[in-house]
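Listed after this line are the structures, all set down as structure tokens.
Two complexes, one shared chain (chain A), two partners (chain B, chain C).
Here is the complex of A and B:
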């Protein structure tokens, strides 16, 4: 992941936001979607993505649906009810963080 | 261009050879690699035989065999699986040690009212250790006999070895009269602290046991 230290703390929120918008997604789809949205600037590695997905599942924020697709098993992730509520909270927290960073980095642009 | 069953089987075989055997991770990695191969075949207009090695090369560092002091350097597995196991285990260790300290302190506070009734407690502890050891042994055998492996099964087996050694040692000390001959508050604290650690490890063992069979159950139907 580019600038990993800066993005690392937001990975779970990014995943939850994408799942909130797209319903259900599988691992590869998530990496490609992030690459597409950020025009290749942000690249989520498999080594970071899957542990994050498994952790969110263990915390009860994601649900898993497994299906046989094109001769192989595919794991789809979607937000649980708790996950939807948590996404709203985490996005609000992230927005607040961005606003504060903006005030520090570029005070003229902040409001 | 979608991969056929033989091509998927080829990827599966290579992954198995590289040590990616835990089904709670393997199928996701397989699907990821297969999708990448399909895309590469379309984008570069190449065959499976050309695309698969190229994709595999990208993944190679994640499949490098690694070991950790946490599980012993004897146990090697692909880095991507090891990292998952370490993350699960490290968080748990911190909780277990803190929890055991709180439980031990609480128990010693309570036991001060009981005076010299620690020997009675040891006989109850002996029964608890024996039952826990027996149940863990049954769990261990059942997991060993499973046709498929999971990272939860690996963690259970790792803990079982450590827990069995601790339980055997504790059973010996509590029933050999060592405590009455070498009575000290530090010894009592250590015995109870170890018991609390063992108890908390057993709780996690139960969680891993259930998670292992849950993974097997949810994959069994789809694998067929």
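Here is the complex of A and C:
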């Protein structure tokens, strides 16, 4: 992941936001979607994505569905009800963070 | 171009070679690798399957699947632990709690009547031990057979094993031993009561674990992983 330290804390929020918009998605689809939206600037690594997905699943924020696609099994993730509420909270938190960073990095723009 | 069935089983083998033991996790990684290999082929159709696989595997970093496996293990233990706990709680509702307490009382009452607490308790403990050792052996044998037949190992089966309460046997045994060494009347009574409580709890835990929780969690897996049903 590009500038991984900065993005790391937001990985869960990114995943939840995408699932909120797209309904259900599978792991690979998420990496591709992020790449597409950020025009290749942000690249979620596999080693970070799956642990994050499994963690969110364990916390009860994501639900899974398994389907057979092209002679293999595909695992889809979607937000649970809890997950939907939590997504709203985390997005608000992230926006607040961006705003605060903005005022620090670029004080002139901040009022 | 799509991966064929033989290439998919090669991917399963690849995950196994890289220490991913469990079929539930293998499947997810196989789908991921398959998707990325297919995308690579769109850009470069001349790339061989093996080359594409190596390139994709590199993206997981120098530890390969290790990070994914570790996280998975940690969180699945938590998740299945919660399911197991839920079934325990469902089982121990009021009527069963009353029955449990009565069973403890009856056992204590018997031990008073018979005067030989130690013999009574040890006999019961031995019976429970033998019955459940046979039962667990049977379950393990079926698991092993299925694993051999299908080549699939499921993480939750291992988790259910980890929650096995059999080592607790030693606690009532130790207490009974203490009662011989000390041998005072008041102390004996306390040991008899405590022994009765522990014995009943122990027998119940074994029963609930293998006869109720295990079949239920197996059933639940069938609804989460359709493939589990097929591989039974």
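Structural remarks
In this section, the second predicted complex is superposed on the first by the 111 of 111 C-alpha atoms of A that agree within 3 Å, B and C clash if a C-alpha of one lies under 4 Å from a C-alpha of the other, contacts with A are read in each partner's own complex, and residues count from 1 in each chain.
Here is the rule we use: a residue touches a chain if its C-beta (ideal position, glycine included) is under 8 Å from a C-beta of that chain, and two chains touch if they have at least 3 such contacts.
Note that the structure is predicted; figures quoted are calculated from it, not measured.
In the three-chain model built by superposing on chain A, chain B clashes with chain C. In the superposition on chain A, contact is made by A:73 with both chain B and chain C.
Once the two complexes are laid over each other on the shared chain, residue contacts for A:47 go to chain B and to chain C alike. Of the two partner chains, neither chain B nor chain C is touched by A:106. With both structures placed on the common chain, the touch criterion links A:26 to chain B and to chain C. Looking at the shared chain after the overlay, A:57 reaches chain C, while chain B stays out of its contact range.
Judged by the number of chain A residues each one touches, C leads among chain B and chain C.
Between chain C and chain B, the overlap after aligning on chain A sits in one stretch of 117-125, 153-161, 189-197 or 207-215, namely 153-161. Once both structures are placed on chain A, chain A residues 26-28, 46-47, 50-51, 54-55, 66, 68-75 are touched by chain B and, in the other complex, by chain C.
Residues 2-5, 8, 24-25, 27-32, 34-36, 59, 62, 79-80, 83-84, 87, 218-219, 222-223 of chain B touch chain A in their complex.
Listed in rising order, the residues of chain A touching chain C in the complex are 26-29, 32, 45-48, 50-51, 54-55, 57-58, 64, 66, 68-75. The residues of chain C lying in touch with chain A in their complex are 2-5, 8, 27-32, 34-36, 39, 59-61, 63, 67-68, 70-72, 75-76, 78-79, 224-227.
Note for the complex: chain A touches chain B at residues 26-28, 46-47, 50-51, 54-55, 66-75.
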